[in-house]
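Everything below concerns the one structure shown next.
Per-chain residue numbering starts at 1, and chain names A, B and C are given in the order in which the chains are listed.
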Amino acid sequence: MRKSYPAILIMMTLLTSLAWGQGVKRTPHIGYLYPAGGQRGTTFKILVGGQFLRGMKQVRICGQGIKATVVEHYRPFQNLDKEQRDELKRKMLQYSEKCWAELVDQGKAKGNPPWRKGKKKPEAPKDKKAKPVQLPRHPLLNDWENKSLRELAAIRNLLLDRRKQQRNAQIAESVLIEITIDPAAATGDRELRLYGKQGMTGPMVFQVGQLPEVREIESNDPISWDPLPKNEPYDLPLVINGQVFPGDVDRFKFHATAGQQLVFETHARHLIPFLADAVPGWFQATLGLYDAKGKELAFVDDYQFNPDPVLFYKVPADGIYQLEIRDSIYRGRKDFVYRISIGEFPFITHLFPLGGPAGSDTIATVGGWNLPTQQVVLHGDVNGLGRTFLSHDLRDSNRVLYATDTLSEYTEREPNDRYAQGQPVVLPVVMNGRIRRAGDIDVYRIEGLAGDEVVAEVIARRLRSPVDSLLRIVDASGKVVALNDDSVDKKGFLHRDMGILTHHADSYVRATLPKDGTYGIQVSDTTGHGGEAYAYRLRISMLRPDFELLVGPSSVTVPTGRCVPMTVYVRRKDGCKGAVTLKIAGEDHGLQLDGGVIPAGHDQIQLTLGAPNRRPKELISLQIQGHATIDGKTVTHQAKPIDNVMQAFLWRHLMPAQELLVLVNGGARSAPLAKIIGEQPVRIPMGKTAKVRVKVAIPAHFKKLRLKLKNKVKGVALHQVAFDKAGVSFQLKTDSEDAKVGLANNLVFEVSAEVSWKDKKGKTQTRRRELGVLPAISFLIEEK
Amino acid sequence: MRIKPNEDPRKVFANWLITKRNPWFTRVVVNRVWAWLMGRGVIHEPDDIRADNPPSHPRLLAYLQKELVGADYNLRHIYRLILNSRTYQQSSIPQSTKPRAESLFAHYIVRQLDAEVLVDALTTVFGPRERYQSVIPEPFTFIPEEHRTIALADGSITSQFLEMFGRPSRDTGLASERNNEPTDAQRLHMLNSTHIQNKIERSWRLRQLLKDAKGNKKNVIRKLYLIILSRQPTPDEIAVAQAYYKSAKMNSRQGAVDLAWALINSKEFLYRH
Amino acid sequence: MARSGLTRREVIKYGLIGAGTLMACDPRLLLASPKTPTFKPAQAKSVIQIWMWGGPSHLDTFDPKPQAGNDYCGPLDQALKTNVDGMQVNAALPLLAQQADKYSIIRSMTHGVNAHETASYLMQTGHMPSRIVHPSVGAVVSLFKGYKHGYNGIVPPYIVLTRPQGRFSEAGFLGQSYKPFCTSGDPNAKRFVVEGIVARGISDERQLRRRDLLHSLDSLGQAIGGNSQFTKLDQTEKAAYGLMFGEAKQLFDLGEESDEMRNRYGRNSFGQSCLMARRLVEVGVPYITINYQGWDTHKQHFPTMNRRLPQMDQGLATLLKDLTERNLLDSTIIWWGGEFGRSPKVQWNSPWNGGRSHHGRCFSVMLAGGGFQGGHVIGASDATGTGVVDRPVYPLDLIGSIYELMGIDPDGPLPNSQGLDLKLLPTGEKGVKSGGRLKEILRT
């Protein structure tokens, strides 16, 4: 039993909370970062807001050139009681007086401070015997004796204004982190995670920038009721970091000179695409530009279909201008974090073509603001989807997406607005076209035979093109054979292929041609818009079955010698039907994948990832690969890591992550991983049972063990479960109603035990506790 | 009317609506402007446009229509015309007791201030701002305090005061959905609610006024009349107010509060005249 | 020109316009008061609606499912036998368990809507949202049993304790006269400051003196005599002062009740609101809503239930007992419920960490008194409380039954000043589901 001692310890530490939140899993969680980025070549501190972060002692940021260390953890800031409020107000007054005195010395202010009009200067409290009141630790109160008047007023508003406070436990804890970025680090989005002994958080966007950074200083509302000295205007270019609190409006003054072509790029939703408990499910930022007197010069809510506003402005005259950001309906919260980059840096508004053939480079034309060049190279060595940008000394441009394919590619040739003028093409082909102006229709003509299964697919919105495509296949007489506007892969409330898009606008049409002849494939924009940016790629081919794999969650914590469940989603394209076999690609670090076969016809499966019985030194970056046989050939794809996130209490999205990381925690050594004895899949004859034996070491003191099915699978039921010293034996029997021959799936079983303890009154209480998950067992129902 | 396949049908509709040959649009617009300013449409109710509900002054309506078209639909021109007219500038004291006098615009129609205008007026007079919020879009919406109530864009963000004083929830979009009839609840609110009491007693403007007057009661009375009723008090009114101070043995502040209270509860403040 | 001798002005003068429009209607209709239908005689005189704002969890109250396990019950996984055989409630409501003979539970309430505003509207009007904004049950009762039907109580006929629901128009298109009187304030505070009736720091003497000041400074009113608007305003002023100085002040003074009585109800806002509701019933107010807020527990569900269910249990159980002792329960309908229930499956994952979301597919409502028999369970939900398996009850069935007991014809017309041909409830209309009125518990 000695080998399982660490296992006992693990089990015991997991059973700490036996009070109210019994079913609550204390998964560490990051709600936001503030600021959500920084300038390379600098060292600075950021705050991570979230829950269950105590013990998260290490930081992982993907990519090179960044170092980060945890400085301090702050508990949630509870409401202050009366003594603490009074102490806060007293100290606030003391520091404000000090600031005022300094301003007077510097000649920036005269006479009495505005809060003391007509009253005498407050004397020091006489009662020296009074017990000093302890104010709870809070990041805002760090070093507050040195803060300016304005910052003190902001602290007072944030901590004392009860009306607007909406306590949210999910973002209430904070961790202070110090970050150093190399001067040569690559710019763009990184992923930040915290981890420690208890586990690892999910990823959060962290940006590496080039421009100097500032943090907003509240209060910076357009009309401030606090009598404060005015804020100094900023100099461009810069990045402004801020948070929008409830009802908050942030306004910034800056200097600009005539002729400047300024780009104001906001990243708000970009930082946190989906909020589970907000309606609408993200921070909907708006930007307003005003002159020095406050007259509105420009206002933007979105940029094309992207909820984050981007403003382009040619400055007419030298002077001071004002920029304002807020939520479109005046909501706000600590996790409404934004970064606004302002300057004369390049911004690409359109790209053509939107991709090229795989294996070779394509030169694309770009348009936009402040571009150093009109051309950019789209490298063909990426697998499917690529990213490019224009590098620039001041600030690299925004990232633009492009796609590659293995088929021949051609460019659209106008005029092709009507069937008669349609551009003849030969399948299979990828056409790069553009809806040049409002009302433009592009027609391509193909020859086909009766019975041909033809697929036409638009790839546009997925590459961030503003086109909202509409596809039609028409025959020679003009009759519509097939039509599609939006083709979303959606299951119930789960959107499987939208990523962080707010609307899936790409069309997909699959049609069996009714007779031999010529057919027209028409592309148009549903909203009737058009322009240079309205580019698309159109794949026209026969059926080309293929698949895409998504695996989640992207941050996995698994104790030594144990398993955790994961989900793999298969997106089957053009009628791809077969089974997909998964395995860990490259170095497996002792990790084990169980249940790694997705049977034919399934579009998702639950499997388990098991950890070795020795704890590795570092986080493991995992690659999972899947292969399937399509038309006699083996096709392999990497699984992309995703996180299944909720939006606005209801919808779910598979949000892409950059890496799949595994943290093995628990004891340095443990009992070996459970093992399924016998062949897999377990073959169950229809109407009968099949025996299963799992070798697993469960400490003897856990009583009344039970097995329960964790994933919903119909057609099979548990039967005759028997635990013994070495493991568990049970039978699987077909559940007559839902079972049928050929049914295959994975079963993920959870082991639970009854635990008892004595409560405050001395009475013995019992509860059922989950101990862990067995490796996934795959089954197949056969003929008798 | 042909709508081309690529044409946005809304543009076609909008152009048809405002074409000069279409009399209805212009008629409705000028009638509504008249109704807003005068308290009653030339066709009454402003949404009740139909053949058997004729205008009370057909030539007036036709004239205003022509003016609007001639000014290329510049509404300011219509406002200027009406506001500069003798009809608009008439006194609200009726000259005739005939029952039809009001519907024939023989005098300025007295009517209660709209809810939003009333609360903005009280805020301007006294100071403490209204706070509008909504708890349905999480996290909650808090309208910035400097926004005036008349600028509240969302018809469902409201307050008890606004609902009580007839602000419609815009369910039907009809002008008649707004009901400015006096009710018991409104009166009770103006006379005795915490909301109004707070507005007066916590008013920094009132405090400032008292401080500046330095104990001169007559100045206080004059200033209050100016701020609230936009006019000087008559000698009789000054006498009544001064008598009140004496009779009640009020201190300066309480007296000012009560006087302010009486003025905002007077018909002169609550009604457009 | 007006149609029949009555000018629009005279109609205004008689103050008969509720919503105010004079579109296409015969002014004579406006003069006629809503017809007192020759319907069944009323069994109930008052309704106390306990509106559980946010949607209360049915598993944790009147439809416990102890067999469903931790995933569904969390820590509230015990059911309690009541003093009625075969009827159980969640163990979190021990006092109500002893009063089960007085109330009945509907476990198969359903409408399938999970959005707050739509569900609130549906549960309180019986209609789905459309172009017309229908009045809620309270406004309808106020219409049929209010001032125009001989109610001359010292307070308005429709009272809300204490705050309005927000984003819900109680009176709908009927307009202001049918809006409820919201007391504001807190009945558990030292002084229940009822809006407009009790004012801090102003003595009665000062009130009267400054009223005289108001009258003597009424220059405009004196200049324009005989204006109908001004006459109406003067009348409202009289009514307002009547409320301020009349018996309403004493009615709302909970200090008139003994400490023992106040303790029985529970010294919290809800308990004292129940006591206030009983007092209002005693003086004959036909409709009272206790707007019990804070049941929208997406997060912190179980700690919140731990704090609030004992309060609810005590207040409600005492109200039932107290009304019975005063022989008022037979003429007072108690209606407990919210816009929907809460998801039977607990959301243990982040960010809910132990919360329940909305569940309009199947939830519970409790009814007592006024002609509703106690000790019955209507309908049933499935093993986890997720779906209805027997006898669905739709909002219009529930509301129709309440109308019946109040002597209002549920299938009859909704009288209104807009001349619109509307029915009170959409029973029988195309696409509108109904499970039938609650004949099982309606005392005939």
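Assume contacts are C-beta pairs under 8 Å (C-beta built on N, C-alpha and C of every residue); 3 or more make two chains touch, one makes a residue touch a chain.
Since we're looking at a predicted model, the values are computed, not measured.
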{"item": "From subunit B, the most remote chain by mean C-alpha position", "value": "A"}
{"item": "Selected pair, greater C-beta contact count between B-C and A-C", "value": "B-C"}
{"item": "Gap in Å, rounded to a whole number, between the CA centres of subunit B and subunit A", "value": "49"}
{"item": "Subunit A-subunit C separation of Cα centroids, rounded to whole Å", "value": "44"}
{"item": "Mean-CA-position distance for subunit C and subunit B (Å)", "value": "33"}
{"item": "Multi-partner residues of subunit A (each touching 2 or more other chains)", "value": "277"}
{"item": "For subunit B, residues that touch 2 or more chains besides their own", "value": "136"}
{"item": "Residues of subunit C touching at least two other chains", "value": "none"}
{"item": "Subunit B to subunit C touching residues, read off their complex", "value": "44-45, 47-48, 92-94, 97, 99-100, 102-103, 110-112, 134-136, 156, 160, 163-164, 166, 169, 171-172, 174, 176-179, 181-189, 191-195, 197, 234, 237, 240-241, 244, 247-248, 258-259, 261-263, 265-268, 270-271, 273"}
{"item": "Touch list for subunit B against partner subunit A, complex", "value": "5-8, 131, 133, 136-146, 154"}
{"item": "For the subunit C and subunit A complex, residues of the former touching the latter", "value": "69-71, 74-75, 298-300, 302-303, 306, 346, 348-354, 357"}
{"item": "List of subunit A residues in touch with subunit B within their complex", "value": "163-164, 166, 168, 221-223, 225, 246-247, 249, 277-280, 329-333, 438-439, 528"}
{"item": "Of subunit A, residues touching subunit C in the complex", "value": "20-25, 27, 29, 51, 169-170, 276-277, 649, 767-768"}
